[in-house]
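Each of the two complexes below includes subunit A, the first together with subunit B, the second together with subunit C.
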Partner chain A sequence: MSLAEPAALPVATSAAPRLHVLKRFAAGFKASLPAYLLLLPSLIFLALFTYGAMGRVFIDALYQRTTPKAPVRFVGLDNVSAVLADPAFTGAVVNNLIYAVGTAIPSIGLALLFALALARTNAVTSALRAALFLPVLIPMVAASALFLFIFLPNVGLLDYNIGRLLPVLPNWLGDPDIALSAIMVITIWKNAGYYMLFFLAGLQAVPEDVMEAAHLDGAGPFQRLRYIILPELKPTFLFVTVIATLNAVTQVDHVFVLTQGGPSNSTNLVLFYIYQQAVEHYDVGKASAATLLTLAALMGLTALSFRTLANREGGP
Partner chain B sequence: MNLIDRLFRDAPLATRREITPKLGFVLTVLLALVWLIPFLWMGVATLRPASDGINLMAELMPSLKPTLDNIRDAWEIGDFPRYTLNTTIICTGILLVQFVTITLAGFAFARLAFAGKTLIFYLFLMQLMLVPVLLIVPNLSLIAQLGLYDTLTGVMMPFFASAFGTFLMRQAFEAIPTELEDAALIDGAGLFQRIRHIYVPLSLPSFSAFAIISVTSHWNDFLWPLMVINSPDKRPLTVGLSVFTKTAEGTQAWGTIAAGTLMVIAPLLVTFLIFQKRFISSFVTSGIK
Partner chain C sequence: MLLSRRLMLGLAIAGTMAGALAFPALAGEGPTEIDLFFPVPVDGKLARDMGTLIKEFNETHPEVKATAVYTGSYDDTLIKTRAAIKAGKPPSAVIMSANFLLDMQIENELTNLDSLIAADGTTKEKFLGQFFPALQGNAVINRSVYGVPFHNSTPLLYINADKAKEAGLDPTKPPQTWAELTDWAKKLTRREGDKVTQWGIAIPCAYDYCGWMMETLTMSNGGRYYNEEFGGEVYYDTPSMLGALSWWNDLIAKHKVHPPGATPGPAVSTSFISGNAAMMMLSTGSLTYVRDNAKFNYKVAFIPRNVRNAVPIGGASLIIPAGLEADKQKAAWTLIKWMTSPEKSAWWSRATGYFAPNMAAYKTPDMVDFLNKNPDAKTAVEQLDVAKPWFATYKTVPVRKNLEDEVMLVLNGKKQPKDALAAAQKAADETLKPYNAETSLKLP
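Here is the complex of A and B:
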């Protein structure tokens, strides 16, 4: 004891602040422990399937593995350059861009029209809202099964009822020039009613006194739409555009059911390409590289969506 | 939530009285009818006897001799009872685990102070930003490594934690007056007792909103189960329907395809028609699923 004490003293003086920090940290951790335990179940799954997945995409993209049992070989950025040089991938990117713009603009435009027309709440508008919202609820696979018959050449719903008026009957899903547009119609049908909800919500926020004042000042309906309502809906537009773009990259079930990316890759979209590389060609490296590129491209957008979400009143 | 309450109020008087042009309303009515055509065809084709032949398949006028044969055929060919069971197991399994994870995490964010709270909050937010659908490739290999390939658990597992659900519950729990918890605390209630007897019962509307979003999205999910499931008897409805459609397409059995589609979407459709308001407000809440 008497020997240890003098020896312990100098140590204690120099380590005292550090010990204090550690103690405070330990106390902080102890106080936080209940919270950590409550968060643990969620964090385990998030770590496995979100953060871990993100890390594994990075790593997998650096290796070559063409069959499930083939030895894994480090190839650096070869997969990335192989994907960028693959005409199927660049084609899918171009298709996806056309698809994104070609579905977002019409479905958002229609959604705005629907919301303006159905802003008043009564039995009729409720029924119309429900009718327009129904496609949102059904799986894309079921929608595809229905549109399979709609687009069927000659005897299908479209050709049988109105296609006969056309000089030449197109093969809606079989013609490389038309197939992507046909696929886009399904998406517009499915999403417009969803975006309508956000515009309906946005319209409720238009200040009534400003509308009345403009009315008294003699502003016509179109002037009020142009100068009051549309500016007021700007956050909604931004928000819906972000969702529409994300949907354009993540909704591909109709491609699986209807066209398998064909004819001649005309309906191949990025996510379908990723699936093909991973599941059909067992090329996890290339699939990961394509995933990585897509994620990188979406980063800016998701950051934007994050900001939109944060700014949206009452949003999640 | 402010946004939802507003949705079911009328738009400002001046907006609804005059901004909606008559022409726009008429156009919307027409488009709503067009929107319903695929559903209408599905119903009519399901009840049409095969004897009407392929040429009448595209008639939207119902047949005068309706039949339930198509439904029976689809039910037998497609093994829809099994698919329905699998989908039900998947949706229920995901939801039950999610209820536990989001309640615990939501409570921690709403009521507890802890070191690194902001950092962990951002970690949760990241899940919303990462577009989970794109992470199917690494997640499939993880599921395989865990020995869960071709199992329903493998289909469910990536969705056991939900950032969206956590935020929803956090918001709901924050709205509950602390006095209630303090009273329970004085009575000697433990942490879990307080969660169970105060926070959960008072947040039922949020739980039901989350349940609607969760079940709808997983009922409709296709790509992920397609990748995880290999055995025909483990297919969920969506994967089953796509295989069924492919088979029936070859034989031109459009009535059976319509019947199969009807069976897949009927449960959600019926639930929606009963709980319309709830569904719509949940979807507005969800924003990004």
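Here is the complex of A and C:
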């Protein structure tokens, strides 16, 4: 491989100051060349599989192919408006919002509770931490398959045990009113232990001397929590919230395994909708348009959270 | 010294590996390697049985090396096959749900098998003549052969004979009409106060199964589900389907003898096996599973009628995707003929519960012996006399889901059958619109 030598650069010899700048640039480039070379593989993959794919999606979203006999036509933004007019898509967005809020708040709340309860390290808390972290290690597909047996109507583990106490046995995954909540339970169960880790780390960072001072000043446990621990955990909260929101949009394995978006689209999430358009309806244009909309929403959300993080004194 | 010795060792290993890699290329005449995609849509140990079958094929056919690749449900198998075709690496053969063939043919994804049949020195009529006539509707498109029936099914009524006797019913005279079935279901339902401890009947409703069950009920109610000749029309908003869905709904809402909500197939079979449901409608594909696991006497019967005895075909055919090299196509054809031969399809039928599509399979000594011991395996074959093709349209899966989503709402008491079917028809018409615009509505 021939590397770009400074001499190969088009250099304007007459302009001395510019030459100086170029020379400095060349020298700087030469010095950091190994770093660029080391970055190159990741750059290639990023370009190929992220930006390339994004560009492709952008182009695909502008075209429409209906039947194999009909030619592929340029339709501009028709796909985007078709997606926005599709009740299945708007339904999936609503489901996803419910799912995001309904999984983020309980799992973060539980994670904080676990972290506070298990902050001190001893044999008992270590064992409990490990137990709470265990669901994180189980792949989502395996966990979902496990819950399939728990949720089976009439004969499943859940109905078999608590069903005797209920007047009517719910069909956990077969009732459109309940199915989404059932799926949310799995996510909460799985994520709480994961977020607990961040809170445990955050608690380590609470300054010992401040806590001691508060103790000496007569602050009770609740006051210490309210005025010292929670404010100190703010960056952790923010970070975990971002992760939980992104998870809510990117996790879809359990929908695949448990309900396939049903019954009657009640558990259809945005990502699953995109998949359905692409592979079941064979409609690449509409799938790409939905992807673009999702991408825009996620990028907006990420930009917002980064700004909030950056604006914070001291940063995360 | 050490370094150079290491270097030499490395070179030697590298040389050997390069030689090994180059060898098949030099020799040129290795076995043709082909992939077979196969789904497991019902209960049981089908994946293990498939391994046994393919191992035997490879041992008896040294010129071909087939690999069986498990691809999930019928719907998943379609998706994975399409993804492989799009990626330019189609599998050489696929056990494909019989009702997806039309959709795939419309999308130009299937190899027309006519020339392979002709190359064997036989005719289409002779080739198809091996299989039960009821199966040909899902294998032949526009008078060309696109699929070879491999394992097929009909829905059956499974009855817990012990519970029937307890309830004073005669399991040797199973219900033949919907009225009788309703009556049986009422007598077989056990309650403690308001709580049901034993359901009279359970019918599965999950994506794929739900549509098949709706077709079953609609057919025995005198109707048809779709236009068998043309892929652009479905008949959801019709009296025959309304009657079918209303009866299913009545079992839940009025008679309270069927568990409410949409219940997947495995939940229904588990309910039946555990004694929680005394009767169920399920594919004959689950028969071996029931035979192996039921700790009680059971009986299988025809699907009862309201207007006429009729059931849809289920199960799968072997297909060859489009875009394969000639040698792989030939190897796949060898595999397909072997798998659908009387002996092999009979063996597979005994292993799974599916019936063997090849009529000669029932004349093999092993099968005659087996049927004498297990007369329940005859029911599906006898029911073939009244069997009709399985639902198949352009974009089969979405069109089917248009109906299934609405049926699920009805079974959950969220919608009335009439409104649900009108909505389903509207949604399906919308899905089929582009195809109709290119075909039936494209006027000269």
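Rule of thumb we're sticking to: the second predicted complex is superposed on the first by the 260 of 316 C-alpha atoms of A that agree within 3 Å, B and C clash if a C-alpha of one lies under 4 Å from a C-alpha of the other, contacts with A are read in each partner's own complex, and residues count from 1 in each chain.
In this section, contacts are C-beta pairs under 8 Å (C-beta built on N, C-alpha and C of every residue); 3 or more make two chains touch, one makes a residue touch a chain.
Since we're looking at a predicted model, the values are computed, not measured.
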Return first, second, both or neither, reflecting whether A:264 touches subunit B, subunit C, both chains, or no partner chain.
second
With the two structures laid over each other on chain A, which partner does A:279 touch: subunit B (first), subunit C (second), both, or neither?
both
Between subunit B and subunit C, whom does A:227 touch in the aligned arrangement: first, second, both, or neither?
neither
Comparing subunit C with subunit B, which touches more residues belonging to subunit A?
B
Classify the contacts of A:155 with the two partner chains as first (subunit B alone), second (subunit C alone), both, or neither.
both
Just to be sure I read the superposition right, which of the two partners does A:287 touch: subunit B = first, subunit C = second, or both, or neither?
first
With the two structures laid over each other on chain A, which partner does A:130 touch: subunit B (first), subunit C (second), both, or neither?
first
For A:140, using the defined touch cut-off, is the partner it touches subunit B, subunit C, both, or neither? Pick first, second, both or neither.
first
Which residues form the common part of the subunit A surface touched by subunit B and by subunit C?
155-156, 279
In their complex, what parts of subunit A are in touch with subunit B?
28-29, 31-32, 34-36, 38-39, 41-46, 48-54, 56-57, 60, 110, 113-114, 116-121, 126, 128-150, 155-157, 159-161, 189, 193-194, 197-198, 200-201, 203-208, 211-212, 214-215, 221, 224-225, 229, 239, 242-243, 246, 249-250, 252-253, 256-257, 271, 274-275, 278-279, 284, 287-288, 291, 294-295, 298, 302-303, 305-306, 309, 312-316
Which of the residues in subunit A end up touching subunit C in this complex?
66-70, 152-156, 167-169, 171, 173-177, 260, 262-265, 279-282
In their complex, what parts of subunit B are in touch with subunit A?
1-4, 6-16, 18-21, 24-25, 27-29, 31-33, 35-39, 41-42, 45, 54-55, 57-60, 100-102, 104-105, 107-108, 112-117, 120, 123-142, 157-158, 160-164, 166-168, 171, 191, 216, 219-223, 226-227, 237-239, 241-242, 245, 249, 254, 257-258, 260-261, 264-265, 268-269, 272-273, 276, 279-280, 283-288
Along subunit C, where are the residues that touch subunit A in the complex?
75, 79, 82-83, 106-108, 194-195, 199, 205-207, 259-264, 266-267, 270-271, 274, 276-277, 394-395, 397-398, 401, 404-406, 408-409, 411-412, 414, 431, 434-435, 437-439
